[in-house]
Amino acid sequence: MAETTTSGEATNGRSSTLPEEFLEQWRDVAYNCFSSGHKFCREVCPVTQVTRDERFTPTAFHANVIAMEKGHLSIEDVAEDYVNCTMCGACELRCPNTLFTGDFYRFRQRTIDVVKAMRAFAVEQGIHQKNWQRWAELTDRWGNEPVLGWTRETSGSKVRAWAAGLDIPTGGETVLFADCEAAFKRPSVPRSVALLLRACGVEFGLMDQQWCCGGPMWETGYVDIAHKMAEHNMIDWRKTHTKRIICPDPHDYITIIEHYPPLDENFDEFEIVLAVDLIAEAIREGRLELGTPVQRTVTYHDPCRLNKRLGVWQSPREILRAIPGLTFIDVDHVTQWSYCSGAGSNLWVEKPELTAEISRRRIAKAQELPGVDGLVSACPWSERPLTEQGEAVGMDVFDIFEITAEAAGFEV
Amino acid sequence: MLGFRLSAQTPPEATRVNDVVLTRLEHIYEIDPSLMTEHVRQQQIPNWDMRRIVDSRWEHLHWMQDHFAERALSGEELLAEIEKEA
Amino acid sequence: MATAIADSVVDELVAICGEEHVFTGRSALFNRARVPAPFPAHRWDAHIPQAVVLPVSAQQVSEVVKLANARGIPVVPRAGGTGLTDGAVPLRGGILVDVKLMNQIKEIDLDNRTVTVGPGINMLKLSEELRRYGFIYPDNPASYPCSLVGGRIGTSGWSLIGGRFGHARDLVISFEIVLPTGEIIRVGDGGGPKVRKSSSGFQLKHLFMGHQGTLGIVTEATLELVKHPEAEFSMFYAFDNYMDAWRTCGELARSSVATLAGVVLFDEWKVAYLRRDDEAYIPQDDSAKAVVAAAAYGFEDELRAGAKRLLRIGQASGGKYMGDEISQGDWWSRHDRYATPQHGRTRDGQVALMSWHCEDAAIPYPELPKVREKWHAIAAGLRERFEMFDDWGMFAYTNGAFKPWGDYLTEIDIGIWESKWDEESWEAWVDAKRELARVSIEHGGSITACHGSCREGEVDLVPLEMGGGFEVMKKLKRVLDPNNIMNPGKYLLDQAYEEE
């Protein structure tokens, strides 16, 4: 039995074909991919490397838009396919349409945006992924993501607990945005950052009530909740005339710089800074001394949002090379375009086995390097599955700020 | 400047290079936007992202060279040698 | 339009491959219907399979094929689905056998200098692993970052550096293949899987090279291990006319410099096309109308000597060396410069997103200038009738393995504004394909150097090109695939089953 779409055409019993606004926004990038056929995205995609399934390739994510426009597929057919993505950005960066001509035409592939849009469309149509839906509801209720499990509340009032004993003021011109995962799940990270910033002479405070940056809400299709988070955070910043926000977690940084400006016409008041850039600069300028040797042989994991999405790969290496006693075996950042921890866009919340396998392979790559028994990352989300997989094979996983704080003589 | 400032992301005014190409950011060429008005429209790409694309391209190309050989010989150097030998 | 596959068949497939590797959902079917070649998206549903399996062993592949024979269901093998002749496009529904999960490196044998892999592995990823041992697998088509070893055998692929290292058929030593009736055999040069040259029995490896999945499904391959080169040299020369460029291209190819890997000739249309964004890199002098590029690999000492020989030819040619930045950067970007949809232009110069059709032929060197004229005339004819076709110019590449002085992989790249397809333009396109192929044959060449020739239009001329060989093709097909289940409908091989 045929049903009609918003545009009034019969769809052979398939409901929920794409509305014209969606197509207007995404048809061109979809055709740009579909018309090219390069598929260079696939072998750099961490999900494709594991699953080898064409349904979950960046290619399919674009082809589906065309197929849906022509009535061959509906959102019911593909919603679950779009879960299988960490939004690492390898595909849209490696794609020749970006890498070779994206700048010339001011037109690049935007696979991440397409996946976000499709996930949001699915949610709008009432198609939810069970765990993501629960995750969104709890984030909305508590103000922060349920990073400690479904029953341990992660409220805005508890988000500063990691800073106990550090006497950090509230608000001020510069604020440290500590991130839900780091604050609740891996507090040694924000503690390390706080101590390092102090040692560099940077004055900063913490938000009164830090809420989730909203990133995972945008990523999993719960856009209204994302907006709520963003608006709350900006009100909080303005309460104390905050001008600069320091982000240790690249997920927060990229969420804020991409998603917040369209929500606020005065966003230019704020300067958003990556902690890793700040610390590297301080070392370069002699404002931070790393005097305690760390006798380890380590390699570095380029977090996807830092390397592929933002192009930041030099600062962390500068920091690691400044740590005395450290033997640092590097793998270049372009090779790492095809590396990932599998944690991005909350993939692990819906598909824990997939994230686990992606992380297992990342750890295995580190193990191949001579003498390496430590993997340093610069993203708390990646450190969750990497630490778990590392434990199984004797590979320690550090956050870059943890190891740098150690080199600065701090005990965290 | 270390961090992200929204106002620093707007591309500067364009300088024309030829009848279909102009330039805004240093060393970055762009198509005349009037050629992308009918069938496909340009996107808003902040300056940091434009630089990321250009930098990544050269980094990828060097990676591709290294993937196939340890080093690349310079034609200009070899031509200079040929001239000397002549 | 394929009907739904019987539940009983699905049950049997699940029993063979496991539930997690059998798919009948729409997105699984629609996303395995096409390859990068221009695709009639308006008839997408005519090209989907009825079921998809992702086997993990030769045994599973064999059992699926036996089941297909028993039930008379077509089988379509699919590796990367990155070919350009529709080899992996289902024409009659059926069971699509997707080999991508079979992507393991099974053995690296340093003594015999071989690596044995599954057909689902990509060459770039393989080379990344081999680098740790100081090796590379230099089967280097434009699709190097995405095509898979199984497909390279299926199409008998060509490599940009084949003049030095050989093409797929030279780099693949032997492979395991599941025949259309389900037997698993090994083919190579003779018996031992690591023997490179034999005269024992029929040379079966060459029969299956380029079969486009019509004679079986590859389940394992043993490949050459090549030492990772110490040095690379590439040079680009610009000419103010095509004929001087063509002559220089020939001279370089005949130079007999041992480290030479390939020579590429860009005609005037191609240079004009690349100018659509070349300005993004380094603005080119207007006098650059045609270009010749050459690349070489080896130890630094032998390469310096070889490179100087090539440069001396270039300097004496009347062409201008284009500088290191272009000579190196453009060579390193050789995989990425082809299928750029944004380079499509309407008649009034507006950007339109176009897909890329690459017509490839093997053309003897002396015929290149004439073929170029005729092909561009065909493209112009299309463009005149339909704005949706755009001439993106021609390349000619040295085609011989180890001996670059023979014929040339000659390609014309046509941009196609695919969202404008209709029946009239599609028919005109298919006619043009036939005409392009006819020109190749008339000039003593082959319809295809490396893509294969089973697309609509060009396939009609395969019997003409093969002559008596086409009868042999039919006989072999009939014998090996008595029930016509292995990728049926390709290469006009249905004719093998017609009663005399």
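Brief remarks follow.
By letter and in written order, the chains are A, B and C; residue numbering begins at 1 in each of them.
By definition in this document, a residue touches a chain if its C-beta (ideal position, glycine included) is under 8 Å from a C-beta of that chain, and two chains touch if they have at least 3 such contacts.
All of these numbers come straight from a predicted model, not from anything done at the bench.
When the C-beta pairs in contact are tallied for A-C and for A-B, the bigger tally goes to A-C. Using mean Cα coordinates as chain centres, the one most removed from chain C is A. Averaged Cα coordinates give chain A a centre that lies 27 Å from the centre of chain B.
With each centre defined as the average position of its C-alpha atoms, the distance from chain A to chain C rounds to 37 Å. Contacts with at least two other chains are made by residues 28-31, 36, 40, 62 of chain B. Counting partner chains per residue, chain A has residues 28, 32, 94, 99-100, 103-105, 107, 335 touching two or more of them.
Shared interface positions of chain C, defined as residues touching 2 or more other chains, are 124, 128, 277, 279-280, 333, 335, 342, 351, 353. Of all residues in chain A, only 28, 31-32, 34-40, 42-43, 52-55, 57, 59-60, 63-64, 66-67, 70, 72-73, 77-78, 81, 94, 96-97, 99-101, 103-105, 107, 335, 368 touch chain C in the complex they form. On chain B, the positions that touch chain A within their shared complex are 1-7, 28-31, 33, 36, 40-43, 45, 48, 50-57, 59-60, 62-63. Only residues 23, 25-28, 30-32, 34-37, 41-42, 44-45, 54, 80-82, 98, 100-101, 103, 120, 122, 124-125, 128, 132, 143, 145-146, 277, 279-280, 333, 335-337, 339-343, 351, 353-356, 418-419 of chain C touch chain A when the two sit together in their complex. Listing the residues of chain B that touch chain C in their complex gives 17-18, 20-21, 28-31, 35-40, 61-62, 64-65, 67-76, 78-79, 81-82.
Only residues 124, 127-128, 131, 136, 138, 140, 228-235, 277, 279-281, 283, 297, 300, 303-304, 307-308, 311-312, 315, 321, 323-324, 327-329, 332-333, 335, 342, 346, 349-353 of chain C touch chain B when the two sit together in their complex.
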